[in-house]
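As written, the chains take the letters A, B, C, D and E, and residue 1 is the first residue of each chain.
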Amino acid sequence: MRETPLSNCERLFLLKAIEEKKRLDGRQAYDYRNIKITFGTDYGCCTVCLGKTRVLAQVSCELVPPKDSRPTEGIMFFNLELSSMASPGFQPSRKQSSELLVTLNRQLERCLRNSKCIDTESLCVVSGEKVWQIRVDVHVLNHDGNLMDAASIAAISALCHFRRPDVAIQGRDITVFSPEERDPVPLSIYHMPICVSFAFFQQGTYLLVDPCEKEELVMDGLLVIAMNKHREICSVQSSGGIMLLKDQVIRCSKIASVKVSEITELINKALENDRQVRKEGGKFGFAESIPKERITALKREQAPVEMKDIEETADEIVREAEAPSEAVHSPVIVATGTGQVGEGLQNTWGLEEEDAEEEFQGGMDGKEKKKGTVCVCVCVCVGCAGFTHETIVQLV
Amino acid sequence: MAVDMRLPTVRKQISLSGSQSTDGKHLVVPGDVITSDTGFMRGHGTYMDDEKLTASVAGEVERVNKLICVRPLKTRFNGEVGDVVVGRITEVQQKRWKVETNSRLDSVLLLSSVNLPGGELRRRSAEDELAMRDYLQEGDLISAEVQSVFSDGALSLHTRSLKYGKLGQGVLVQVSPSLVKRQKTHFHNLPCGASIILGNNGYIWLYPTPGQQDEEAGGYYTSLEPVPLPDREVISRLRNCLLALAAHKVLLYDTSVLYCYESSLSHQMKDILKPEIMDEIVMETRQRLLEQEG
Amino acid sequence: MPVDTKRVRGPDESQSPLVFLPPTAQTCEVLRRPGDRGKGDVRPLFARCGLVSQAKGSAYIEAGNTKIMCSVYGPRETERKDDTDMKSGRLVCDVRLAPFSCQKRGAWIQGSEERDLSLALSESMQPGVCLHRYPRSQIEVNVMVLENDGGVLAHAVTCASMALADAGIEMYDVVLGCALRQDGDSCLVDPDFSEERGSWQAGYGENQGRVTVALLPNFNQVSGLHADGEMREDTLTAAVRTCMDGCHKLYPVVQQAILRAVKRKAPPPEK
Amino acid sequence: MAGLELLSDQGYRLDGRRAAELRKVQARMGVFAQADGSAYIEQGNTRALAVVYGPHEVRGSRSKTLHDRAVINCQYSMATFSTAERKRRPHGDRKSSEMSLHLKQTFEAAVLTQLYPRSQIDIYVKILQSDGGNYSACVNAATLALVDAGIPMRDYVCACTAGFVEDTPLADLCHAEESGGGTTLALALLPRSENIALVQMDARLHQDHLDALMEAAMMACKGLSKVLDSVVRQHLQEVSVLTRE
Amino acid sequence: MATVQVSEAEKVYVMHGVRDDLRVDGRGCEDYRHMEIETDVVSNTDGSAKVSLGHTDILVGIKAEIGKPRPMVPDEGYLEFFVDCSANATPEFEGRGGEELGVELSNTLYKVFNNRHSLDLRSLCICPGEHCWVLYVDVLLLQCDGNLFDAMSIAIKAALFNTRIPKVHISEDEEGVKEIELSDDPYDCMRLNVENVPCIVTLCKIAHRHVVDATLQEKACSVASLLISVTHKGMVTCVRKLGRGSLDPDSIFEMTETGKRVGKALHAPLMELLQKEESLGKKRQKVGFLA
C-alpha cells in the first residue's frame, strides 16, 4: 500500500504552527517525547517507546571465524528491519522505504560500530580462529517518526543489557558454558553513543528535535548527531538536501549533548531498575511493563496542547452561533428512519438512547459540557500524536 | 583489411594567444555574479540570489536589451517555435507520436499536425487513428518544425509542409545542438552532390539530392531503390567531415561543411576521422572561413 | 546470502569425492565407443511429445543417458513492456540443470552455465519460430536437464523444437541440434559426458575442441553454432559439416515423434 | 595502527604533506562523447569518473515523475579492481547504496531542479581507483560533469574530507589515514555561500574540536573549488575560442 | 547505448552500402575503426589497459591473487573473468540492467580461454595442489559503440601483456609448514607470455556480405553475426553464432575464413604497438582519461 500523502492544508498548517513555535503535541522545539525503556525476560532484549514510535532490539551472539584483516577482533553486526506492521508504507519493494532502510542501517552501524563503543578485542576467543559475533537486530514495531533515535537507544540499551555465555579455553578445546553452569558475562562497553535527530524546516530557518511522523513528512532535511555523555561526537550525518551553515551544526551539537546526557541517565536508570527487580526475584519482562489499563475505546488522555485559545474561540463560536432551532423542530426526514437529527426513533441496535449519550459525553472534555442547555463540543483538530479532534457543534 | 592501432595522443594545449582570444566574450561559471544591477531581466541559465543576477551554468553571457541569459557550451536542445528539427519516433500513442528530439522531454507530433496523403484539409477519421503506424512507426526518422512549446517544456511538432515529413534513405549524424548555426534555411542542396538538413536540435540528416519526381510523394512514401555509389561516397565523406568539425567545435552551416568537404578531398574517406588528418582538415577549413570573413 | 537451510551442509571446506578418484586412464585416441557405436554415429534417440499435461506443449528426449524435458507455455502477453519491438514476439528460454544431473551436485539457483545455455538455446531457436506471428506476446520455453551425459545444448535444442511443435507454435522448420568432440584428427559425434570432458585433462595436443550446431534441416540453415577448444580452421569446417550430417540423421526420428503426437491429438477422421 | 604515526613531530603526514595541504588534483571535462556530460578527476591516487545523462524523459515507472521539478537519479559504483583487495561486486551493497543516496541528496540541494519539471537527470559515478575520499572525488567529478552537461546549478559543489590527529585537523585524507580509525569528516560545500550540502562524520571527536575540524574541511573545500573553477574556466575558454564565429 | 533504433529506410541504405563495399563511415567491409591502446592506466592493479575503438571504451584491470588450485588440475592457476557493464555506458545498465550482457560477455570469455595454449596456466602455479595465482580479469565497459567483443579481447591481451606478477619465494620451516613470501622488489616480477592469447573477431552478416567491427547502427541492421577467436597462428579457439537469425552453411565457412584471416592480422600490429609502448619506458607520458 502506498503511504497516504499529506494533504496540502495539513502541510500548510504544520508549517504555520512551526513558524509560530508550536508543535502539534504541545512540546517545545527542543523537547523529546516520552521515552520508555523496557527490557524483556531474556538478556539483550529491549523495547523503546518514543511517544508512539516503538522499536524492539534483540542482541544475540555466535562463535564465528574472524575476518582475515582483523584476526583478534570480534564482529559486530547490525540489522534493522522495517516491517509493514510498523507502517503500511514500508514494503521492501518500494524504493522509498529501501532508501530509508539503507540510511537507518548505515547510521546505526556508524553510530555504534565505527565509534568503537564496544571492546571488540575482548570478544576474541582464539585469535584468528574463533571470535564472538554480536548481532543486533532492531525491529520497528510502530512508526511515528524519529526511528533513528529510537533505534539507537534500543540498540545501545540492549547491548548494555546483554550477557554472553562464558567460555573457557584449554589447549585447543573451547567450552561454552550454559547460563546454569556459569553466569553469563556482560559486554564491555566503553561509552554509549546516542543519536539525536534534528529536523529542519523552511530551508533551515526552523529546527525541531525529535520530529514525529507528520513533522518528518513536511521537513526539508534532517541532521543526525550521535554523541555520548562525555560530549564526544560519534557521528554526524545530514540528509535530505538542505543547506546548512556551520554554526547550525555546532548549535545542534550543543543541544545534542544536553539531550544525550538526559537519555543516558534514563537508560542507566532503566538498567538499574531491571537489575534490581531481577535481583529481588520480582517479575520482569514485557508483560510486567505493560500498564494494566481498562480497555475503553473512548478513553482519552488529556491533550497536552494549550487549549486556552481554542476554548475562547469555541466560546466565541458558541456565543455567536444562533441556536438554529428550526433544525430541532423540523428534522428533515428523507425517508423513514433516515436523516434524523436530535431525538427520534430508536436505533436499530436496540441500545438505550441514554447509554449512547453518556458514552459520548464521556469522550468529551468535561468542562465543555453544559447539561440541559446547548451542548457544544469543540475539539480542535491538530491531528497529531493520534488525537483526533473535530469541531462538532451539536445541539440537543 | 585495414587496422590502425596507436597510442593515445596527448592533447595539445590550445594556445590562448591574447590577440584573438576571448576578450570580446563574457564567460561565466555557475555561481558567478553577472550583475547586481536590478534593472535587468533574468533569462535562461541565470537565477536571482540576494537581488544579484547569478549564472547557473558555465557559458557565455548574452545580452539582448534588458534580458540577460547565459548560453552553456553544451546542453540538450531547448526548442523554440519555428525551429527545424530532425527526430526519431519512439512511441505510437493515441492520436500522437512521441518523437525523440534530444530535448529534455520527448516531443509530440499530433495526428492533426501532419499532412496525410490525400490532401491537407482531410478530416482525421477513426481509420487514420488505427493506421497511424502505417504512416510512421517506431524508429522512423522525420523532419519537422516546432509548432508550440508546452508549459512543462515539451515540444509540439508539425509537418504541415511539403519539405517536412518522413525521411528516406540517408545518414543521421548527431552533434551538440549548440554547434548548429541558426540560419534562414536549414535545408541545403550542397553543390558536392548531396543534400543536408541541419536540425536545430543537433540532428543532421544527409541524403541524396532528390530528383524532381519525389516531390509529390506527400512525405510518407520512401523509395527503397539503391542509392548510386557516387552519391554514397559524397554522403559518407560529408558525414565524416561533420563529425570532424563537431569534434573540433566548429559551427556547422552550409559554408563550413562545404569548405571542410573540399579540404578533405585530398584524403581517403575512412582516414578523415584519424586524429592527425582531422586536425589538418579542420585547420584548413578554419583558415578558409577566416579568409572568407576577412 | 540465502542458504539452503533444509539441507545439512557439509563442512565449509569440503570437496567432492570425485576429486580423489584416480585420473581416468584414457588415451587421446578413443578406440571403441560403448556398444556398437562408430565414431560418426549418434546415440539412439528416444523422443516423445506431450508428457506435461499443464503445459501448452512438451517433449522428452533421451539419448544415451542424457535426459532432457521441455515444456512450452504461451503465447501470452509479454511481461516486459519496455521492449519497444512491437512487431514480433519474444522467445524466452530458460534452461535448468537439475541439481542431481551432473556428477557434482549443482545449486538450485541458476548459475552462469545455465544462463549461458539459456542464451544459446534462445539464439538457436529464434530463427525457426515464426515470431512475427505473435506480436506483443511471449512464448516461454522451459528446459530441465534431468541427467547430463554429454551434448546438453544439442539435445535441448531438439527437445525444445519438439515441444514448440507440440504446442502448436508456428515454425518455419524444426530445429535440430548435434554435438561433436574433436580429438586430434578423429572426431566423435554426439559424445557422452566422459568423451566430452574425458581426455581433455591430458590433452595438450592440437585440434582439441567441441562443436555444437543447430540446424534447420529443410532450409539448410545453421541457426546455432558454438565451438570452443582449439582447432584449425579446416578441422572446424569439417566438424561443422559432420554435425550437420548428424542433424540430418536425427530428423526422421523427430519427425515421427511429432507426427505421432499430432495423430494422437487429432480428432478421429469422420466417416 | 598503533605504530603508524599520522603526523610526524615536524608536522608532516605519511605522504609528506602538511596538515592543511591537499593532494594533487587533476581533472578533465568532456571525457565521453555519448553522454550529455562527463568528467574525470584525480585526487592524489583516487580516481573517479562521472557521467551525466539528461535531463530527459523519466524512464521506467512513470510514477516517480515529479510535476514540479526534475528527479535526480544517482548510482555510485566502484570498479572491481579499484581497491587493494578485489571487490566482488561493483555496486549494490549497503555502502554503495548509501553513497548513491548521499550523492543524490547532495545534488538535489545544488541543482536547480525546479526548472525541469517531469524530467530526470542521471548521475553515474564510478571509482576507478580508490585511495581515500571516495565520496568527495565523486562529488567533485559529478559537479564537473553537470557543468559539462549545461545543467543549471546554484554553485559548484565541492567536497573534501578532514581528519583530526593530535589536536591538528588534517585535510584531504588518503586511504591510510582514513582506515586508521580516527575521526573522518566528509563535507560537501557550496563555496560561495558557505552552505553545507552534506556533512558526515565518523568516529569519536570531542565536541569542542568540531568547530576547528569543520573549519579545516571548509577551507579544503574552498581550495578544491579554486581548482575546479580553473578547470571549468580553462575548458570554457578553449571551447569558446574554437566556436567563435 | 546498447542498442539503437534504425528506420527501415536507413537499414536499406546501410545494406546497399555494404553490398557496394562502402560503409556509412567510408570504411570497406574488412576495415576496423581506428583504435587507441594504452596500458598501465590503473596503478592499483597488476596489469591494466584501456582501449577505445570508435566510441567504444573499455578498461581492463587484472589483479593476481593467491588462491587454491582447482582440484582437477593441481598444477595450474586459473583465470576468472568479470565484465561490468556500468551505467556509465548507458542508463539502460543501471542497477541490474547490465547484468545480462555482462554474464553473456564473461561466459564467452571463459569459452575463448578454455584451451591449453592461450595462456600457460602452469606458469601460474606456485606450489602444486596448494597455492596458485588466480588472475582476476575485470573488464569495465565505459562507453559502448558496437563491437564490444573485439575491443574487449584486444584490451585483455594488452592488459595481460602489461601484467606483472610479483615473484614468490617459498620457505619451509622445521615443521614442514610452508610460508609464502612475496618479493619486495617491484622489479622482481614475472611476466606472462601473451603470444598465444587469441583476439576475437565479430563478423556481422549484413545482406549477403559480412563486415568486421560493426557499429551499433550496422549491428541493428543485421540479424546474425559470427564471433571467432583466433590466435596469432590462426588457430580458432571459439566460435559462436550471435543474434536471432540463422546463417547459410556456405556463408559460415566464408565467414570463418575471413575471421581467421582478419584475426591473424590483428596480432602483429598489436604486439608491435605494445612493444613500442614499453620501449618508451617510464618517461612515457601517461594519457589515461586526461587526454
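Throughout what follows, contacts are C-beta pairs under 8 Å (C-beta built on N, C-alpha and C of every residue); 3 or more make two chains touch, one makes a residue touch a chain.
Since this is a predicted model, take the numbers as computed values, not measurements.
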{"item": "Partner chains that subunit A and subunit D have in common", "value": "none"}
{"item": "Chain whose mean Cα position lies farthest from subunit B", "value": "A"}
{"item": "Chain at maximum distance from subunit C, centres defined as averaged CA atoms", "value": "A"}
{"item": "Chain nearest the overall C-alpha centroid of the shown protein atoms", "value": "D"}
{"item": "Separation of mean Cα positions, subunit D and subunit C [Å, integer]", "value": "50"}
{"item": "Rounded Å distance between subunit B and subunit E, as computed from the means of their C-alpha atoms", "value": "36"}
{"item": "Geometric centre distance via CA averages, subunit B-subunit A, whole Å", "value": "57"}
{"item": "Centre distance in Å when subunit C and subunit E are each reduced to the mean of their C-alpha atoms", "value": "28"}
{"item": "Shared interface positions of subunit B, touching two or more other chains", "value": "90, 138"}
{"item": "Shared interface positions of subunit C, touching two or more other chains", "value": "84"}
{"item": "Subunit D residues counted as touching two or more neighbouring chains", "value": "190, 193"}
{"item": "Residues on subunit D engaged by subunit E in the complex (per definition of touch)", "value": "26, 28, 31-35, 40, 42, 45, 47, 49, 51, 53, 59, 73, 75, 77, 79-84, 86, 90, 92, 122, 124, 126, 128-130"}
{"item": "Of subunit E, residues touching subunit B in the complex", "value": "5-10, 12-13, 16-17, 19-20, 22-28, 30-38, 52, 212, 261-262, 265-266, 269-270, 273, 276-277, 285, 287, 290-291"}
{"item": "Residues of subunit D that touch subunit B when the two form their complex", "value": "30, 36-37, 54-57, 112, 116-119, 147-156, 190-193, 229, 232-233, 235-245"}
{"item": "Residue ranges of subunit C touching subunit E (in the complex, touch as defined)", "value": "15-16, 19, 84, 112-113, 115-116, 119, 123-124, 126-128, 201, 203-204, 208-209, 211, 216, 219-233, 236-237, 240-241, 244"}
{"item": "Residues of subunit B touching subunit E in the complex", "value": "1-11, 88, 90, 138-141, 167-172, 222, 224, 226-227, 229, 232-233, 236-237, 239-240, 268-270, 272-274"}
